[in-house]
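These notes concern the structure reproduced below.
We just call them A, B and C in the order they show up, numbering each chain from 1.
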Amino acid sequence: MDDIARHVDLANLTDEEEVVDLSADESGQALYQFVVDMYPICRSITGDGVRRTIDLIRNYIPLTTCEVPSGLQVFDWTVPPEWNVRDAYIKNSAGERVVDFKRSNLHLLNYSVPVRARMTLDELKPHLYTDPEKPDWIPYRTSYYKATWGFCLPHNQLLAMREDDYEVCVDASLGPGHLTYGELRVPGRTSEEVLISCHICHPSMCNDNLSGIAVATALAQHLCNMEPRYTYRFLFVPGTIGSITWLALNEARVGRVKHGFVLTCVGDPGPMTYKRSRRGNTEIDRAWSYVLEQCADPHEIQDFSPYGYDERQYCSPGFDLPIGTVMRTPFGKFAEYHSSADNLDFVRPDALRDTLSKVIATIDIIENNMYYRSVKPFCEPRLGIYGLYSGLGGLAAGDFQLALLWVLNMSDGENSLLDIAERARLSWGTIKKAAVALSEAGLIRSS
Amino acid sequence: MDDIARHVDLANLTDEEEVVDLSADESGQALYQFVVDMYPICRSITGDGVRRTIDLIRNYIPLTTCEVPSGLQVFDWTVPPEWNVRDAYIKNSAGERVVDFKRSNLHLLNYSVPVRARMTLDELKPHLYTDPEKPDWIPYRTSYYKATWGFCLPHNQLLAMREDDYEVCVDASLGPGHLTYGELRVPGRTSEEVLISCHICHPSMCNDNLSGIAVATALAQHLCNMEPRYTYRFLFVPGTIGSITWLALNEARVGRVKHGFVLTCVGDPGPMTYKRSRRGNTEIDRAWSYVLEQCADPHEIQDFSPYGYDERQYCSPGFDLPIGTVMRTPFGKFAEYHSSADNLDFVRPDALRDTLSKVIATIDIIENNMYYRSVKPFCEPRLGIYGLYSGLGGLAAGDFQLALLWVLNMSDGENSLLDIAERARLSWGTIKKAAVALSEAGLIRSS
Amino acid sequence: MDDIARHVDLANLTDEEEVVDLSADESGQALYQFVVDMYPICRSITGDGVRRTIDLIRNYIPLTTCEVPSGLQVFDWTVPPEWNVRDAYIKNSAGERVVDFKRSNLHLLNYSVPVRARMTLDELKPHLYTDPEKPDWIPYRTSYYKATWGFCLPHNQLLAMREDDYEVCVDASLGPGHLTYGELRVPGRTSEEVLISCHICHPSMCNDNLSGIAVATALAQHLCNMEPRYTYRFLFVPGTIGSITWLALNEARVGRVKHGFVLTCVGDPGPMTYKRSRRGNTEIDRAWSYVLEQCADPHEIQDFSPYGYDERQYCSPGFDLPIGTVMRTPFGKFAEYHSSADNLDFVRPDALRDTLSKVIATIDIIENNMYYRSVKPFCEPRLGIYGLYSGLGGLAAGDFQLALLWVLNMSDGENSLLDIAERARLSWGTIKKAAVALSEAGLIRSS
């Protein structure tokens, strides 16, 4: 990557304004405000919208902006020409903008080629996209790899359009430039990596991409305040082509990735959904399943499928990375998906906060899920000697006392703390606390 | 086999009459007519009934008739003397045939030794077999390996018999001769074999043996019209001693058998039943389970048991072949089993046809269940380049588009198409079509 | 062990009185009488109570008494000083014994240090233990490793105690001596061992320790009347320190242990409970599960947990022995647990007898659960030749006939008789009988 991607220097974050710590946001209001700030930008898979998005994220975390030139071959794909839009509209003969990019950037077929023309409604219609099933919403449509132009509008608006002499303008540029993505490496005590990925290519939609960007940014802040065991790599990439580009440029580095997940559609009020990695039973899959099963909230664990977001690339058979997908209502399963209704009313502060809490809980497992070996494996050690036995003989043991016994008994180098928590049906917190106590007493050693 | 079994030349099938193609029989009427034609013959484990049965089958497929001499040692067994019957009856003192082999060949205890005698009812009774629980039906009984004679009759008829001077006649021959079976090899592109077996030793019963013979014959016609990947071997054998004989004569060939099933009791109106092979999770077991689970019809998947038909021999521990058993209502679970009520009213054209359809669907899986390897395993290939991407960005993918992604993602040489269809929960047909398209596009290769 | 533990000669059991055979006790009355006889003794982890208990058991089986000196280091533990009590009471100023060890040995905190003092109620109270939730029962409490004294009494009695000048006496000795346990080896045809363990350290409680001692004694008698395949080792040990001591002294012998279980709380009227060994799917686990699942009675199969009785030591990760735990209502799950209510009313003759029956049924499986290999693995042998085929051809096979087929088919050296019984869903008795018949016919051989 270092040879090809142009690196932008880190923003100087130590100015007078204090950085909001999104990870400390108890109500979710700061996360929501983050979404509000990002909402108006017209993003696509390349262009200034992505750059502005990354700049806003850099107010929170020291993200590196990476620029990859158009035309570069990345596996079976080519980095596309860069697309930027100044203006786009359809005017009627009275000179009124009946469809106006400036009112909603969803009105423009994403990656439309430039056009300036006058035409009848019949000539215009093949370029108009609507969703008759949701007649009041603007659908989101793209044409990245087929050179065409078009406008998206509510179906009811289309029905109301009359024959007229329409003026069509797409004032856009499409030519050599760069694909832009953001990358942040939070160094850990080991070089083994956890990869967190979200996409940043969707224009004004909130659940589908802004929610994931917000939670990923907050998680990065959380980790920057820790000294984590793993090195964490955050990718803020255009969907598909962005992750493909990153994988192509970092092929040699991919072996370091031990866990990871894609964050997407994590701000709606629906229950949490975790989609397993291709391998299906990796540690990250088990950690997420455990966190969701332990909480009292409804949730769903889905098997892997090769349709979705950038897990499609990370979990392609040549890479087969242990990377799952974290969602609330799965993409395509909420009516607002890929439409103007995926707006600031659809995402909720408490949902963003709830997702972040569960993300942090999962990271806590991954960070602490060690394999220990008992130093005294023959019979139980006499816990009283180590100050670890409480109470009078004859009374039932409490959870912490049980957790000590479980960790001692299972610590044969074959069972991780998560294995033990699952088998013991004790909480992760209790098992972790017992492991700390036993480790401090010299009774178990990390193996 | 070639040294011992006398081969009969193939019947010349190219005469003026056109052969009915049972596999093209949409209504099942032709399959049913096949059963009707076979019904009157008195079959046993040896003798002319078996030969006539094979001759009738040879009107449809170029079956080889194999003759194995009495007295040959086959594993722990000996090929028995040949049995043929001309007549058998019990006459009362008025000279009336009160029990008459010519009315139903079930009246004679199969393999009865010859006898001519006069006797009282009390002397006769130890030779009379009835089923008191089904008092109006003639039960089917045999005594292959214990030299005795007897008659089978409805229990109500026995109750009505009065003391009299009875004349008993079994005009049969039991002596050196041959055991006869039919064999057909349909050559495939590989020498790996699929073994299809049915028994041909039951006299006038329809579900228990004629239905299996009909469906096996139709399947053989179906395969003769294809160029299959596997070589198919059809065995039309007397139960137990026939399959034991074939296995003894073909021990060296058995290793080629990769899949197979026994066809029996497949014409009654009950739901389909598949009994797994001894190994329990072979490819044929999975293919049959998939076909039955995918169809909306009720069905049952049974574990292997060593009681049943010729799977007992194929799945004996020394052979342990991947051979299951295909039935509708399992033998012994329908009241008509082994009685005169297993007649032409009990089997149904539509049931025969339904079985054949599912047999052909399973064979389609076995034939096409390849392991592929993606040619471009790193990230997804750009399907649009290969003409395999339809639609505008932003819309949900259809089943075929999903199937392309599944086959690409899972094709790492470890997953067969059936594995993929099961994991994707897409139909076999869609997965197969996707694999064909990807193979033609050069994106996957058989591994 | 031989160097350290002082062995006591076997009691001469051949006197005029005939030994009661507990294993032949159909009603459970003899087992119950055994509990009655043991009930009054004040047991602890050391001392004369344990010796008297072992002496009483020696009326039934030739148990060896082993004495291990105080102060010996056993893994992380030390054999404690020996404790014996002559008397203990609390007298009021009127000279009345308001709490009296002689009325119930539970009144004394087990392992109390000697004391003689006068004190006020307020001074006394920190030494009084009650269970407010079960206010009429004396709780059972111990203080083996913390030097203190105390009395246990019903909570209602405590509430009724008034300010007074109390005289406290614990007339006990605590000093160098021995830890005592009983061991019996019943030699088998092989040196592979089955370990049966019960604890003998609880004072007057019936379900929690006397029931286990009774059933273990009866099982030992049962095995002394057999010539078992396995060598059986019975341990009657003080809980925790006793099994730790035995393991420390017998570390080299532990590898011989192939199966085993701990017997505890097996006399109450609740359903049977089996707690699996740490490994979770050993042969003893499967045998117990099979026995409990085959019987029509309610029962529970529990996963291993490292909290419980001496399985904690046997299943510590360094040993990880295939030893489960046999209970009726699990310890701690019956209200009477560790209190004076675990008395002669709580255990029942029929429950003791039912436990013993299931223990013997499980031992029968372990003893006979051989792996056989068919001598004629190619096709079925012709059972008629060996006198193993009954009935006329055409009739359904009975259970014994099916069992013959199952044992023949599965006997490839990979399936034990228990595997076969489970897969065949036939009773253990039928499968065992079939294996005997086939073995006698020379058709299968132990592999």
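Note that contacts are C-beta pairs under 8 Å (C-beta built on N, C-alpha and C of every residue); 3 or more make two chains touch, one makes a residue touch a chain.
This one's a predicted model, so the numbers in the text were calculated from it and none came from an experiment.
To fit its Cα atoms onto chain C, chain B must turn through 120 degrees, a value rounded to the nearest 5.
Of all residue numbers seen at the chain A-chain C contact, under half occur in both copies; the interface is built from largely non-matching residues. Averaged C-alpha coordinates give centres for chain A and chain C that are 56 Å from one another. Residues of chain B in contact with two or more other chains: none.
Here chain A touches chain B in the complex through residues 74-77, 110, 129, 139-146, 240, 243-244, 247-248, 251, 278, 303, 305-307, 312-313, 315-320, 332, 338, going by the rule given at the top. Those residues of chain C that touch chain B in the shared complex are 374, 376-382, 384-385, 392-397, 402, 405-406, 408-412, 423-424.
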